[in-house]
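One chain, subunit A, appears in both complexes that follow, with subunit B as partner in the first and subunit C in the second.
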Partner chain A sequence: MPITSPRLDRTALRAQFPALAQEVGGHPLVYLDNAATSQKPQYVLDALTAYYEHDNANVHRGIHELSRRATVAFEGARVKLAKFIGAADSAELVWTRGTTEAINLVASSWGMDTLGEGDEILLSSLEHHSNIVPWQLVARRTGARIRYIEMDEQGRLILDDLPELLTDRTRMVAVSHISNALGTVNPIREITEQAKKVGALVLVDGAQAVPHRRVDVQELGCDFYAFSGHKMCGPTGSGGLWGRRSLLESMPPYQGGGEMIRTVGREESTWAEIPHKFEAGTPNIAGAIALGAAADFLDEVGFDRIAEHERELLSYALERLDDLGGIRVYGPTDLDERSGVISFTMGDAHPHDISTILDSRGIAIRAGHHCAQLVMQHFGISATARASFYLYNSTDDVDRLIEGLASVKEIFGPA
Partner chain B sequence: MTEAPLTSLYQALILEHYRHPRNKGELADHTVEARVANPVCGDEVKIQIRLEGDRIEEIAFDGQGCSISQASVSMMTALVKGTERSEAIRLAEVFTDMMHGSEDASSDRSLGDLRALQGVSKFPVRIRCALLAFDALREALGTGLEPDPLGGAAHNDGSQEETTH
Partner chain C sequence: MTPDEFAERFNRLRSWEDRYRYLIQLGRKLEPYPEEFRDQEHLVPGCLSQVWLVTTEGSDPSEMVFRGDSDAHIVKGLVAILLMLYSGKTAEEIISTDLQGFFEGLDLGQHLSVNRRNGFYSMTLKIREHAAQAMTAS
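This part shows the complex of A and B:
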């Protein structure tokens, strides 16, 4: 199926996502849970099916036609994704199951090999649990210490604290590009510049950024960049870790098995070149190929358009929420500092109740702590309701959300 | 997800218990205590009971979470206060049956205000919220937890304690 043209004809674009064309509880689906996962266009689904229908074979080993085709498509997708995130060299892109595995890879391989007693890992209090827990695991085993960049009342990192937090013991700064819980866009360049001064490495959790804006890992100046395929129109279980060649080459393998070795002896083995050193076992071949298709799809629509569209939706939604009243929205007030994520609470209507009421009207949002309990603690709450936008959402979706929230107000009464 | 009417879920009695919970607070002279939480959504319930023999002489709870979890624990405490342990366990079973759609259970008048929660059974993803109260009660009375068919099992955080007896 061809990608839509004109590129941002909303109806034509939306029609390319089969899952969006359904009714839920007798209402047309309004999908506003994109920060959790995105829907998939037919173009990506076709790529997935085409691989299984025509080219299904294992990669890098079979001397036969199907294996050759599968390998070409699989490695072609790597080149595509490397370019997509601005990497200079596709060997610097390791396929992973997603952001979580990418961070665990670095924490485990680099961390266990490098960190020692008293070394410091600097995180931020707006991180997703996947950028906290892997570091806690490695800190416990190495004696390293975890410190946090705190945030202000708008959920923005307090960078004024950085000079004090970055010490000659800081070995790693691991921070998200965009917060999944609040939508805060972090000034990564500023963080990497300061981290370099003390010789610390920087890992960026890009799960919420890569789907929504043009990312250039070289321009950001970071050392590692982790991302997920399923939030950017790709399949679940796909994603990657970008790392600087010299670092990836110096790091020990993350998992052992087939694909990642050069030679295996009785006592010792030697490793394959990067990125294969980090890809033990049969990889998610179909996932990688379909993720390549997702990157093509997003490129065709264009990130300028996507970013502009999401900003319009965000601005419109914030205005309508304000008109509705009785809603507390968390996160930065300046639209330049946030992405299309709206985390909110409504008086004593618990986020789960809000979500149930919206669900009964066919509107999907997320309710809970969003795997960011430190963020919830910062604001003294246990949960928020979260609506998050993507390229296929429209102002009609926002209108439906507002109608749904008006119904929450009716049931729960004024805040 | 469902066409079940919201009005069956958010009945006035439920919202009334949610806003004005019964038996909320600390019970200084409790003899047993249990905390349960649903890690999936963050709902928490702690109950404290003063048992005299096999009788639930006093009961109090503390907690946070959605209207369903907090209203059900308020209703549960009001219902089991003054009952024998065996009766409280029977009520837990009847209520659990009602959540799993049993018609007999939902017409059992001994459930009192808890019958207002019958509509929750039509909302599968919220059943766990309603069961949290009785999970805590069973835990406090030492009778174990129900396995959760949806996998989002409530779990004891290990703080169950038996104080004096």
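This part shows the complex of A and C:
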């Protein structure tokens, strides 16, 4: 199915996502859990099916037609995604299961090979657990030390602390591009510039950025960039790690197996060139190809339009929440500093109560600590409710959310 | 109120709003949880909300008395139902209680399903675990 001029008509755009056209508990579904995962357009589903129906074969191996087609599509998707994030060279893009695996790959391969006693890894207290725990694991094994960039009362990183936090022992700075828990957009360029001064590498967790804005890894000046396919209209289990060629070449393999070797001897083996060195075993071929389709889809809609639309929704929602009253929204107040994620609490009602009541009205949001317990600790809370937008959401969805929250207020009565 | 009386009242409520309101009231009426047991040891971890549970001595030593709490109000209402079912019962009675049958008789719909990610489900396991331990000990 071709992409039918989605930029012309939002209803037509929404109609391309089959999962959105359903009722939940007798109400049309309002899906506002996009920071967790996005829905998939028919165009991506068709790419998945077409691969299995016509081209299914293992890549880089067979000298037969199907294997050739699968390899061309698989490597073609790599070129597409590399270009999508502004990489100069598609060999610098390693397919992974998603952001989590991409960060684990760097922590494990680069970290175990390079870090030693007293070396420092600088994270931020805004991070998702997947950009904390892999570093804790490697720190424990190497004797490296983890330090944190703290955030202010609006959930913005305090960059004034950077000169003190960055030392000649800082080897890696790992930060998110956009916070999944608060929607804070971090000034990555500024962070990379300062990190470079002490010779530290910079890894960016781009899980919440790549789906929503044009990312250019070269412009950001980072050394690694991790992202997930499933949050950007692509399949689960797809995603990638971009890394500078010289770094990827110097790093040891992450996992051993087929595909990643050049020669195998009884005692020693030699490795394939990048990116294959990091892709042991049969990869998620269908996932990579369909992720390529997702990138085409987002390009066709256009990031200018996506970003503008999400900003409009964010602004409208914040205004309506303010009118409703009794709601505390976390994160930056300046719209330029945040993305389409609204993390909030509501008086006496626990986020779990809020999401349960909304669910009975067919509205899907997220409640909990959002895998960011350090963020929750910062604000002295155990959980928030989180509504997050994507290109197919509308002001009607926001209106339904507000009606649902009015019902929560009504059920709980005066505090 | 007996569990059956509760089920009858709950099922009579038509809208979800009324049902949630009822559960929240039930939770609010729950005997205050003893603060000295609000600690890691008595925390039943859940992804969405927290549940605390403590076993105390009943007037009859063969009875198991539970006290519970949650930071989420609807879950606290569910905790109240569990205590209604289990607290003050003997270990044998607890093990033989048909929890699933009871909940199937409640028109909870999909919204309040016993999701293994929430503390409520872990709590039912904890209670049964305590009862099983009590049975082996005696």
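Definition applied: the second predicted complex is superposed on the first by the 412 of 415 C-alpha atoms of A that agree within 3 Å, B and C clash if a C-alpha of one lies under 4 Å from a C-alpha of the other, contacts with A are read in each partner's own complex, and residues count from 1 in each chain.
Simple rule for what comes next: a residue touches a chain if its C-beta (ideal position, glycine included) is under 8 Å from a C-beta of that chain, and two chains touch if they have at least 3 such contacts.
From a predicted model like this one, the values you see are computed outputs, not experimental measurements.
Aligning the shared subunit A places subunit B and subunit C in steric conflict.
When the two complexes are overlaid on their common chain A, residue A:Pro187 makes contact with neither subunit B nor subunit C.
In the overlay built on the shared chain, the residue A:Ile411 is in contact with subunit B and with subunit C.
Once chain A of one complex is fitted onto chain A of the other, the partner contacts of A:Asp353 extend to both subunit B and subunit C.
When the two complexes are overlaid on their common chain A, residue A:Gly302 makes contact with neither subunit B nor subunit C.
When the two structures are aligned on the shared chain, A:Gly326 is found in touch with neither subunit B nor subunit C. Once the two complexes are overlaid on the shared chain, A:Gly26 sits against subunit B while remaining clear of subunit C.
Subunit A uses residues 25, 348-353, 356-357, 359-360, 367-368, 382-383, 407, 411-412 to touch subunit B in one structure and subunit C in the other.
Across the complex, subunit A meets subunit B through its residues 24-26, 348-353, 356-357, 359-360, 367-369, 382-383, 407, 411-412. Residue ranges on subunit B touching subunit A, taken from their complex, read 1-4, 6, 9-10, 15, 18-19, 40-43, 64-68, 123, 125-126, 129.
The touching residues of subunit C, counted against subunit A in their complex, run 16-17, 20-21, 24, 47-50, 71-75, 109-112, 118.
Those residues of subunit A lying in contact with subunit C across their complex are 25, 348-353, 355-357, 359-361, 367-368, 382-383, 407, 410-412.
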